[in-house]
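The chains carry the letters A, B and C, assigned in the order they are written, with residues numbered from 1 in each.
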């Protein structure tokens, strides 16, 4: 594949400085780009890489135009990272990928499922009865969409995703005689423009539905329990678990391997750090963290031992303060 | 779907107060129930919701009979939550679901697998040679059951479950020359009435078998390593990892994203909190916790920094105590 | 299956003391072995089990030869654990497993994928166009290998593995208008002799490839994000998440449920403890830990509460020191 700079600017806008007939053979970061590559400078902190990169052309913000032009071709765009994202999309469209069938013959799609136009369903997917898949949504190979679950338009579900398995609901029988299953009678409703990573699970609701709003992005191996609601454009990194009936606001960023307690809510625009357990409702947006700082093992052992006496250490400080 | 109150009480017992011909169109929590819905009050703490709910009928404990009757129809049952669980089951049975084939034609079931009566195997499952699936057990779509693994009666395995992949066993070769595979010669034995959540993995044993006893409930994305044993009726929430040869007692509740050390044991009836790492054998049942408390990020940073000096803080307190 | 001791020593070397015609019917740990079983003593700490085991034959190190011989047949080998690993391999080869087709007819293998000799592809796998699978590599059932990904020779990929789903890459649109997808144009390159556990995910790179070097062993439910590199012979236990562009050295051991920050690197030969979050680059090999020590819940609550004031406790100690 190759693209001329002029064709890129024609498709995506931006201000080209340099030779429009220059042909780009690949996309690469500044430090490893070759003269055939297009690169980008999104963070002014890495400005000095402009001087050393061998990239054939660099996407830069208006403020970087001068140093960029001094070294060769550049495309000036208001938001170089966003522009770069759109170049990756243009690049992918240019790749000569054979179309293949819209619904792979090995997929098992129930005749009572409702599949909109433009949907692509990859090999070995299962779509059960009553499920609805919106326009131009793509299910990669080996995706499972359970009965009556609804997926919006332009979604991407990666391999191994499971939508609409039963939520984890059981009532204890008296006398330790085990558990009585609570049938999960709700479904899963997923909005438009949602992307869901490999092997991620979203359970169906117990009575009402589990809801994923428009624009949500879930990474791989994420667990979304029954009756959770995730607000518009929130992004959740890999290995995170969200317990039942939690309500996560819009435009949140949830770090990897975070755990969200059940039946709590999180304000719009909240950041949760990697590995943090959110144990109560968050009313005030901000960044929340709770992870044990790593250390060499010997230091950790000493501090962890002291931590188990922390409460009494506090008492000893109090006692000293009284005396002094 | 709709059910008359009289039909519910006839099927499940309980004491109906009110009009038996009243028709229920759905199940819902007290706060969102409409006059066509059946609801329940399991926890006396939410008693005041009785006064405001619009539910057509409420399942209550004997102690709540009076206030419940005062507002309309009610079913009195000893354990309203358990009763509600059974209503969900009755409801599901009433749904007009087409039966479909017992073994979906797209499933790959080895002719040397032993499939009992009443088993249902969903689309795109794999059941390898020598595996045994007990009566009335259901494998939803895309379940994998490896060679020689045994599943009991009335189990439910959700989409993406992997039973009987190899345990993680390697012997180091001398001189850093990598790893020698230890073939995993055991299998997995799962009892009756076990439910296993989406994308959960249970590895086969190295020499002996990995064992899941009757009535165990595993949520989604749980990892059960080789030679683990999980006791009767224990429930394990999502994203938990159980390392090799751990022995978990009966009637335990293991919170989400917990980690259980290998080669330890946990007493019957133990509760493990979300995100807790159980690092040693637990002899005494109780509730065990070990998770860093969340905080706003700035506070966390200050406390985490101090935590790395905690051992020396303890020494400084000692020194002060000696002086004072 | 059964094997004579003489046949084992002939195949694997080692020094047999005892009757070579003795027939072994199984492999078992010392404590549960019966007289028909072969066992091994790898750790001198368990030496006293030699006296009580009923095993028909025991694999021991040269230093243990005398006490082992005193109780019956033994095989003396320099590294009894490694020898035992090879016995499991010999055992497995002896099992009468029907061969089955090299590529199961239910697998969906693109005609433009490149499948080397000796490859085995199990039921319901997907191998997309441009993917390459090296000699004698085995894909168990329900494995997904995405377009253009490369798997080396003699690898084992367990059920549910997803290689080459899109990395998690999005550029924010201005004004909170959601996310623009960054197409993931790289692939995944996996070396030789790599084993990958059930439901583990390795994402394709954004521009360059995600790389797993020779001899790496990944357990179940591991997440490897885009552009990660994992060095030769490193082993990663279950439920671990490795964020984008992290570089892990060779011969590392990463404990279960660990989390590795993105864009950092870890020195060769580093040990990471279970549940530890590696938040910064590690230059010096060693063992690193960061996990909250478990406690009974009441003690944890008190210490966790004090932990949230730790910074101020440090200040109070300082104040006391000034006074004293």
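The rule is short, and it goes like this: a contact is a pair of C-beta atoms (placed from the backbone, for glycine too) under 8 Å apart; a residue touches a chain by one contact, two chains touch by 3 or more.
In this text the structure is predicted, and so the values were computed from the model without any measurement.
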| item | value |
| --- | --- |
| Equivalent-chain rotation between chain C and chain B, CA atoms, steps of 5 degrees | 120 |
| Chain copies touching (chain A, chain B) - same or different residues, decided at half shared | different |
| Centre distance in Å when chain A and chain B are each reduced to the mean of their C-alpha atoms | 26 |
| Residues within chain A bordering two or more other chains | 106, 124, 142, 160, 199, 221, 239, 257, 291-293, 295, 305, 307, 309-310, 313, 317, 320, 324 |
| Residues of chain B touching chain A in the complex | 26-29, 32, 78-79, 81-82, 84-86, 88-89, 91-92, 97-98, 104, 106, 122-124, 140-142, 156, 158-160, 193, 195, 197-199, 214-215, 217, 219-221, 232-233, 235, 237-239, 251, 256-257, 274-275, 291-297, 300-301, 304-305, 307-311, 313-314, 317, 320-321, 324 |
| Complex interface listing, chain B residues touching chain C | 106, 108, 124, 126, 128-129, 142, 144, 146, 160, 162, 165-166, 168-174, 176, 178-185, 199, 201, 203, 206-208, 221, 223, 225, 239, 241, 243, 257, 259, 261, 271, 273, 276-280, 286-293, 295, 299, 302-303, 305-307, 309-310, 313, 316-317, 320, 323-324 |
